[in-house]
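Each structure below is given as structure tokens.
Shared between the two complexes below is subunit A, which pairs with subunit B and subunit C, respectively.
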Partner chain A sequence: MPLNRFLLLMIALFIVSLQTVDAAQRHPDPDGCFSCHSLEGLDYIDKKGVLRSASINKQHYYSALHGSVPCKDCHRQIRDYPHKVENGEVNCGESCHVEEPSEGEPYTHKAVVKEYKNSVHGDGWSKGLTGGNRLREEKEAADPSCRFCHPNELYISEAELPKFKESFDHLDSECGSCHQGEIWLGQFGGHILRRFIGSRWNKNDHNKMCNTCHADHQRMANVEQKNEKTGKKEKVGPRFILASDSYATTLHGRLLETNVMQGASCIDCHAPKEFRHGVLRDEEKEAATHTENLAETCAQSGCHGYATHPLNYRFVKTDLHDIDMIPVINDIAPRDQSRLESGWVKALIALLPIIIILGGGSLLWWLFGSKKKSITFSVLGGDAFQEKMIGRKPKNKVKKKVAKKIKPVSSSSEKEAKDE
Partner chain B sequence: MMKVIEGIKAIPNPQKYRYAVIMASCTLFFSPFLFLPGLVDNPDLCGKVCIRRFYLFFPGISPADVTSKMQVASIGVYILSLILITTFFFGRMWCGYICPVGGLPELVSRTFSDKWKIEYRALPQVPIRYGYFSVYLTLMPMLGISACTLCNFITIPRIFDAFSGNPKGLAFALSAVGLVNLALLFLLGFFATKGRAYCQFLCPIGALDGLVNRLGAKLRFTRRIRVERSRCTGCNICARNCMTGSIKMVDRVAVVDQLSCMSCHECVDVCDWGALDWRAAPLDEDPKRKKKGIDFHPQPEWQAVYAAAVSKEK
Partner chain C sequence: MNNSYKSHPIVMIICWLILISPATAKTLYQEHVEQTEISDKVLQKSLKQVKKHKEIDIIDDLSMPPFHKRVALPTTKKQPFCMTCHLPLPHQKNERSRTFMNMHSRYIACETCHFRPEKTTLDYRWLAYDGIEAGNTLAPRHALEIINESSIQTERKHKAQFKKRAPLAPQPGARISPFYNDMPILLFKENTFAQKIKTEWKNADENQRAKIKAKLHAPLKKKGPSCKKCHEKDNAMFDLEALGATPMQIKAIQNNIIVRFFDRFKKEDDRIRINKLLQ
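Then we have the complex of A and B:
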């Protein structure tokens, strides 16, 4: 091998090794957790006898949402090792790793957790999150935990990465003209840029998240809600159970289904404000879907701006979870007789006899009727058509009139004959 | 079987082509092929291809709201404009020849006996149609009654879906609203004489299209179904065959109502006297050959609008 080629190879290898060093530096492990947890096959059997894996795949972790955060920033109670399982618990409401540079205070999810705690899903877990609790949290708890909806997924999706890289190259010129200094550009540039490029979750992702539970009829049928009048907990009705299905029939749902993003997602109406975690029951006064707040909710920017106009007060009350749009036959139908009282069902009962008569007549004509070409007029309205549109007297009417004229004459003549 | 073939043979040629186009458009617009909506990744005739929702009026609506509604149904806006422009010059080509939603009930209805149908054509269709249209445009949106609930652009494609085994179609056909829509399809479509009652009374596109049709009919260069009054014998075969009930015999002469006429051409095909034609009126209104004010050969008038004819005669 010629010397300069060898040199080139060495230089190339050196550059590659430099890059790996760089990558490792970007994801520090100051607490040394990976000295154990990066080992493959770090399994144990917990108190319930379930086999658990404590191995963490470095690559997966680094590419995840919190991949650049040192372990102990969240797992705070771990002081030394080996540690107890309970000490590994995470509380999402605590302050955390990054310092917000304009205020100089550590960033925290506290406000989000507070909003979430006040919401209908507030009984879900926001603390005590460990690998060991995952089964209880996912299967036994009725409400979703933080982790249920926010799994530690990729910070920037693969589809967005090229766009992100391109913009990241221009960060100095675009953002740097105002926000100078390493903290802003280095630590927050990427953070903020990612949000600009497109939030990781679009409306369809939101709906998909809600539908993991709400589209599951069996699961929803087990939900109990407090009855405001009696104060007792009662099982929810079909309207609640089928909410996801009825939403899908509305224009809101149908637009999103075809990727027209002007449609409204679940969250757009049920938790439009603040951190978008505050889903409340319609009955509660603070709820975005409460009768008094509906106009404001519908009139959000880019939606139905006219909704606040007083004449539109009925429009605002349009039923967007109309169970009359959902099949009559479905898995929760047996215990739902209330749907038969709907106006649509009554209309159908009124229309059916006419259809049966006309359909029966048509069928008989098809089977036995004469196919000779002749002018036929309809039984229903045929006479009116002849009189008004063609301008001729219907044949049967002409006959009737003649008969009427004859009758009195004959009867009177009979009377006269009798009298005589 | 022979009878069926004979029946088909008896259909006038232009009508055969019209039926064929409607059948083709059913396969292009509806499941399972769904070719045309599929071009824009739409599973049906809703959403961005909806042509009947973006012009709804709400009290307090701002220009920004209108633009946003038009953006949602961007393709629908183009389609409707195209329909209306064609209508202005050539008559209601979309309604009469292409629209699968109106065409399907018509074709089905034509296979049944006229005796077992409801004759809607004698009803005052213009006041009913525009009365409902104004309710549809302003009152229903204001009251929060969804324009989509009774939309046959949902119903008919969904029923096609149901037949092609698509669960979505079945889901709609089995819902309370879907069943009522299905019943209305029977009553206003299959069991209506000539099957066009929905078009006559409820279709908002038809109402808009009718207005444009009437507007264009005033001009002489537009193609419309026009009557040459001097040739009409008053046999009323055109009125009996008119699917939209727009031909009425007034003083034993056929008169076409351009608010309802779809230029389907059937009256032209059945008229033995050539008194009706789908054509432009002769552009020179005054007869060329004149001698001392007396016409040797009166030029045919080819009137599209009756009111003008009456005022002239007077």
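Then we have the complex of A and C:
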């Protein structure tokens, strides 16, 4: 090979070796916010008595869901110090400067926020969020805000870390041959490889989130819903208040409680589509739980595929929030008038005369009946039962035997009487 | 020399004397309080403050979780007398400095900033608020290292700690506190004088409370020293080396960008662009 060709080949190889797939380095704190906010103990108690903290745990922040989001992407208007409260307000529906890894577009929660705003929880706060208005939100807002369900948690929870490390190690060696450098691993690797350990939240995590409010009877008792007939807002009934309890008695709830993930979680039925934030009232036509949509909802993801078959139309009529399944003794029961219409109550009314007759009879027998001990036989015989199950001789034989035994006793006593 | 610093008899006697001294002798602060004569003007001001005062219940159990992870407030076994009335995070009003001041209160005693009598030279040392040594003077961290020098294992441990940017405080909860004649100036809540004041306050009416408040605050300065007073190289309030600071720590304290940024504020209501922080 001529020397100039060899040199050209070497130069070409050198250039190619430089072209490893790499990403531009991010700077998670381009505005220098951590110069102050990474200090521990930047706390104070505000006028209302709420403990406030301006300290951000740097290590936690970088490992959390928003770890790659610079502070100013959320706290947009902060420019001077002391910070004006209104300048720090967060709007979760804004786009941030972080690129969505697959398409390179600015990342945003806009679509999720839109779905959430159209849902039953849509009156909750999605903007104007500051550390200082948590107390106001707690007092004023009945619906959960974005931050109520989604604090800045670790991207990979501590419990899942060993599993993640295992997956990461493997894929680091596999992908690392092309994708070199920590930047790629940090920016994309972690994001992609996170998927290998499953979705971030499992069904029980979803239920736990819903139960934060829905298992709180007192909180639920304060909920008001618009009455479609009158158009007025009214307090919800026991069926709504006890929804979490009634769900827990179903097979779905019980499967998940024992960590069998075949059970359906709350949002599997109430918000199965899109971003899973669109919980709607059953009465609304678009609701996944609307009578007309129930078959499709039950048949989703291979759960109850037969639910859509016309012959199985009664399947979707199964009540998954049947409050008759909940023990009567609970803090909501005294207010529960609807329970009088229950099938259980109707059966009780029908059986009441028989219960009274039998109970009364038993009581009278106990008070005034014969106290003598005797062998009791069933009225309709049942000799085979007596013999095989109890191991006693049948009625006829027992009577004869008793009669035989009695005779000699009575004759001897007669003799004794005569002797005297 | 004995390897164990704590078990040396002379050190033990000194520690013991320090331990019992507050119970037997009056602190300089206490003396100042008792000698103070309150003017009518001060008394009226104090009465106004007592009448205006509203108790604050700290709310730390909101069901609305803070978005960013938070660490619980540290507590100490011993608490200063000031905390009988003042909140554990006492700086509330000044929007600009409150968080930074509260941060400093984690390692600097209240009296260090607010008790600065004129014509009296005070000495500043580490005082334990927590642990088995709570209430005792603590040797600075570097002194502890010198004493433990003979133990290679301990030395290695300390080197490892320094790699992780070991804190300046010799133990968690310790605070730089003022001393006069080798005696700490501050009082802890359980001190006899502190207890006496607490009982008097409980049984007092508004006028009497105003008098107690005025007397207790008379030796104190409402405003603490400026940042520079501790963070500058010359005429600094503390001898950082004597307090155990490493050369790197001294440099970090004396060349602090936040202090330089705060130095730009000229008026109380000034707002300054954050990018000046980096200039």
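Please note the rule applied: the second predicted complex is superposed on the first by the 283 of 420 C-alpha atoms of A that agree within 3 Å, B and C clash if a C-alpha of one lies under 4 Å from a C-alpha of the other, contacts with A are read in each partner's own complex, and residues count from 1 in each chain.
In this text, a residue touches a chain if its C-beta (ideal position, glycine included) is under 8 Å from a C-beta of that chain, and two chains touch if they have at least 3 such contacts.
Computed from a predicted structure; not experimentally measured.
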Exercise for review: For A:41, select first, second, both or neither according to whether it touches subunit B, subunit C, the two together, or no partner.
Suggested key: second
| query | Just subunit B (first), just subunit C (second), both, or neither: which does A:229 touch? | reply | neither
Subunit A contact check, subunit B vs subunit C, more residues touched by chain B
Exercise. Looking at the overlay, does A:372 come into contact with subunit B only (first), subunit C only (second), both, or neither?
Worked result: neither
Message: So in the superposed three-chain picture, is A:64 touching just subunit B, just subunit C, both, or none of them (first/second/both/neither)?
response: second
*Thinking of the overlay built on chain A, is A:285 touched by subunit B (first), by subunit C (second), by both, or by neither?*
neither
Exercise. Is A:55 in contact with subunit B, with subunit C, with both, or with neither (first, second, both, neither)?
Worked result: second
Subunit A contact set shared between subunit B and subunit C covers none
Seen from subunit B, its contact residues with subunit A in the complex are 3, 7, 10, 41-43, 46-48, 53, 58-62, 64-65, 68, 71-72, 112-123, 141-146, 148, 170-172, 174-180, 183-184, 186-187, 191, 193, 236, 239-240, 245, 247-250, 252
In their shared complex, subunit A is touched by residues of subunit C numbered 56-60, 62-71, 73, 87, 89, 91-92, 95-96, 98-100, 102-103, 106, 257-258, 261, 271-275, 277-278
Listed in rising order, subunit A residues that touch subunit C in their complex are 31-32, 35-36, 39-51, 53-57, 60-61, 64, 78-82, 84, 129, 131, 134-135, 137-138, 145, 147-148, 151-152, 212
Interface with subunit B, subunit A side, in the complex: residues 249-251, 254-255, 257-260, 262, 302, 304-306, 308-309, 311-312, 314-319, 322, 324-329, 339, 342, 344-345, 347-348, 351-352, 354-355, 358-359, 361-362, 365-366, 369, 371, 373, 375-382, 384-385, 387-392
